[in-house]
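To keep things simple, chains are lettered A, B, C and D as they appear, and every chain counts its residues starting from 1.
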Amino acid sequence: MSDYTPAEMMMVAAARALRNDDVCFVGIGAPSAACNLARLTHAPDIVLIYESGTIGARPQTLPLSIGDPELCETALTTVPVPEMFAYWLQGGRITVGFLAAAQIDRFANINTTVVGPYAAPTVRLPGGGGAPEIASFCQRVFVITPHERRAFVPRVDFITSFGFGEGGDHRRRIGLETEGPVLVVTSHCLMRPDPETKELTVTALHPGVTRAEIIARTGWPVRFADRLEETVPPTAEELAVLRELQARSASGARSA
Amino acid sequence: MSDYTPAEMMMVAAARALRNDDVCFVGIGAPSAACNLARLTHAPDIVLIYESGTIGARPQTLPLSIGDPELCETALTTVPVPEMFAYWLQGGRITVGFLAAAQIDRFANINTTVVGPYAAPTVRLPGGGGAPEIASFCQRVFVITPHERRAFVPRVDFITSFGFGEGGDHRRRIGLETEGPVLVVTSHCLMRPDPETKELTVTALHPGVTRAEIIARTGWPVRFADRLEETVPPTAEELAVLRELQARSASGARSA
Amino acid sequence: MTSPVAARRAQLLSLSEAIAAHVHDGDTVALEGFTHLIPFAAGHEIIRQGRRDLTLVRMTPDLIYDQLIGMGCARKLIFSWGGNPGVGSLHRFRDAVEHGWPRPLEIEEHSHAGMAAAYAAGAAGLPCAILKGYAGTDLARVAPHVRTIECPFTGERLTAIPALRPDVTIIHAQRADRAGNVLLEGIIGVQKEAVLAARRAVVTVEELVDDLRPPSPNSVVLPSWTVDAVAVTPGGARPSYAHGYYGRDNAFYTAWDGIARERERFLAWMREHVGGRAWG
Amino acid sequence: MTSPVAARRAQLLSLSEAIAAHVHDGDTVALEGFTHLIPFAAGHEIIRQGRRDLTLVRMTPDLIYDQLIGMGCARKLIFSWGGNPGVGSLHRFRDAVEHGWPRPLEIEEHSHAGMAAAYAAGAAGLPCAILKGYAGTDLARVAPHVRTIECPFTGERLTAIPALRPDVTIIHAQRADRAGNVLLEGIIGVQKEAVLAARRAVVTVEELVDDLRPPSPNSVVLPSWTVDAVAVTPGGARPSYAHGYYGRDNAFYTAWDGIARERERFLAWMREHVGGRAWG
């Protein structure tokens, strides 16, 4: 079994959570890598949707933007952006939405808007984009983000995308019928919401990762599942496909 | 000057009211004949829009339905029906809308829904279709209809398409910013709303038509303009183009 | 944990199997196609299978609903223009509304603008659509489904219409590929909205192909996972038309006026043509 | 008696003429194109002509608004995602929001869903859009332009967003014909809505052709009478791309992170490249 990085483990673990019959709303970066890795391994029929309007895209390289030419060229169809958000996302046709996070809290609320107060931020982040409605209207949300203490905070500075709010049945109370963030894939572990409280709980450690590391990298007193599993390391095939995909993409990004 | 029918005079008079820079929302039948006659004579650049979504159609025959193949084949572009009504008609991009009427009253309100009570009609007519919003959102509305007493009634049984309501500033009072039915072209005359009261007033008689005939064919004590004009009879060219168009269409309608 | 949405993929069925599986007595059924691609063959199969108490939804009922209504399949009609385009009345529709023959027909009437917006709202998962239409009309007065709503920014009064959510939408398209993806082109009407607004969708197609060959990245394609059944039905839109396949039978639309005017002649014609095949 | 709508026909102008005629200090200006067909050349001409106090509208500000903001053209930004796609921050946008350099920047922030719906409402002549979005978000809490409205049929609480109506929308398209009709294809984004929502519209195109050759009856075509000016501007979308003409310059998007990080290097780069031509 070959050597691999925590980032590779993260993308492989996220890819494995996808099913062949999923319809995914894909973000750029790690989510796109995970979705295309799944498509090129165990989920050949998975449907990938990018918010630029491309439905059923099958890129051979990882797009740098959500509107790269290859997405449209390989898509089953391309629709206008207002239609994408109205008929396809809000219409409830997406099974899995991927989100990345600058900050995520113990109830999987996500901040990609500001660090500090909204009116006078110390760091102005890009903002919501498609994320707030991905969090509301996809059947399930997978969060994929490196496990660093500055990202895993007790309470986000700004709720860009609603996870479980203050926990419990908060989603239902505000009228959301979807499942929300059922899985958080980090560079070091997998977290899932507690069935009752909805607090994020570590359910699997990636190979070689200790509880102490997770505790040190998490900004709240993190809980671990009673039956804590160990993630199966990336297979040679998973690593080969992922690295090929990223190599092709890197060369693409260099060329004009 | 060749002989012609009242229906031909009506279509020719309607065609003349159109300008080369008009954008017309076209209904089937006489309106379509008038608009295409205008396009093939004095208004070659006129834009014809059919509610099936075809924009800039240039049919060589008169369509039987508003969705005949030739409309799409000759159109500049074809849009979905919801877009047609939202972005193009409600969006205020149409200068002239044509309406026909089963019943029209002295304030140019139009009924194409029922004769008799709505719940138990003696005659069930097709209904509104595009007409209610054509009447609201086109800059100007032209009504084209044969002049028969059963059609020109004091008060319509049902307001399918709002003209001037009870007259005066009724349109403004209900929030309509468009001009409304500024011209009614019949088989026997032209009528225009009085600038103040908005009551339909005869402004021109077609050649050979008498005031007595108009009075006999109109269900209310109809008023005549002080300066009553006589419509210029159809020219040889107008008749030739109109008859050619209708001949081509008739043969089209016979073939499968 | 997979949602029903994901598991959904179009099945390739015969027309009779597709109608039997997806159209039930009492359903709200939309057969859409705005003068183009009207799913006549599917409508005839519904008649042959003797469905009853249907709520029929169509912007322009056209001849196909005149036939379904005249054969007694419908208890209610939701529509926006009920005529024979360019010809005149739909006599079976009129007979049902004016005389309750063969049975009374409840109607829910819209304008085209309102009904198109209601389908779009259904496709978008919204409970209602807003528009500026129906100003000053008696339809706004008599129709309980036309209400007003105030813009929270300008205070402007707008019209609200409830979203349309048929139990099943049936359309006819030019072609489908073997995965069940569907393509339509030409006058596309309100079909995408009607399919996406419905709980189930059945599509009849002219042909099954290996490659949809969409003429542009933006032609209307309905992915396999938005459709429940595809039935290959060549000529399935006649006497309406299929852009690129066959023309509109305007002569038949004109002839229908005479066929449908009297009950007996209508019934005889239906027995002869829909019991068997409708158009050669 | 002819309305302004009818008289309107696209004029063929040079890019500098088009910007001078249609973009004024203080205007609300939308340059749209969702990663594809971003009108960079038009944005650079606005910078060269020294426009000030603009309210800039764009779902994804992208590099072009980073440049306009960094050069001090804008007093306000209306947007829904302000990053360098796949790369990271827009440093000039951040500097303006975090430190008010070169001048304070007021922001009106949306989600993509809300902003796309706001353009569509503008195109449809509605005062507002309704959607189910923003549930539980702090944006709904801090943004005065996000309000709630109740469905008059179900009582469901919906989100309302005011319609977007720019003074002028500028887009880049593949081609226009000599009558001024415009065609775009590929990822079509929100351009149709942005053009139809605006009081004025300027379109830069790769080429002028005798026949638009629309690849299907349903490609996105903007009729001449919906556009005020067409300016032939080959390469006008670089470093974005024009489907069928040239690819996206991903390497430049990556390089921009270094160019824009420091004020001095940014200013030097702009002087050198936008004073003259931006990309070879």
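Simple rule for what comes next: contacts are C-beta pairs under 8 Å (C-beta built on N, C-alpha and C of every residue); 3 or more make two chains touch, one makes a residue touch a chain.
Please read these numbers as outputs of a predicted model, since none were measured by experiment.
The minimal number of chain-to-chain contact steps leading from subunit A to subunit B is 2. Of the two chain pairs examined here, B-C and B-D, it is B-C that is joined by more C-beta pairs in contact. Each chain gets a centre from the mean of its Cα atoms; for subunit B and subunit C, those two points are 28 Å apart. Computed centre separation for the pair subunit C/subunit D is 38 angstrom, with centres defined by C-alpha atoms. Look at where the CA atoms of subunit A average out and do the same for subunit C: the two points lie 39 Å apart.
Of all residues in subunit D, those that touch two or more other chains are 120, 124-126, 131-132, 156, 186-188, 192-193, 214, 217-220, 243. In subunit B, the residues that reach two or more other chains under the touch definition are 72, 78, 86, 90, 137. Chain contacts in this assembly follow no simple pattern; the graph is neither a line, a ring, a star nor complete. In summary, the structure contains touching chain pairs A-C, A-D, B-C, B-D, C-D. Those residues of subunit C that touch subunit D in the complex are listed here as 124-128, 130-132, 145, 147-154, 156, 158, 160, 162, 185-188, 214-220, 243. Only residues 28-29, 51-54, 63-69, 71-72, 78, 80-82, 84-86, 89-90, 113, 118-119, 121-133, 136-137, 158-162, 165, 170-171, 174-176, 252-256 of subunit B touch subunit C when the two sit together in their complex.
Contact residues on subunit D toward subunit A in their complex (touch as defined above): 34-36, 59-60, 79-83, 85-87, 89-90, 93-94, 97-98, 109-113, 116-117, 119-120, 131-139, 142, 156-157, 186-190, 192-193, 220, 241, 243, 247-254.
Contact residues on subunit C toward subunit A in their complex (touch as defined above): 1-3, 5-7, 9, 120, 123-126, 181, 192-193, 196, 214, 217-221, 223, 225-226.
The part of subunit B that touches subunit D in the complex is made up of residues 19, 21-23, 47, 55-56, 72-73, 75-79, 86-87, 90-95, 137, 139-140, 182.
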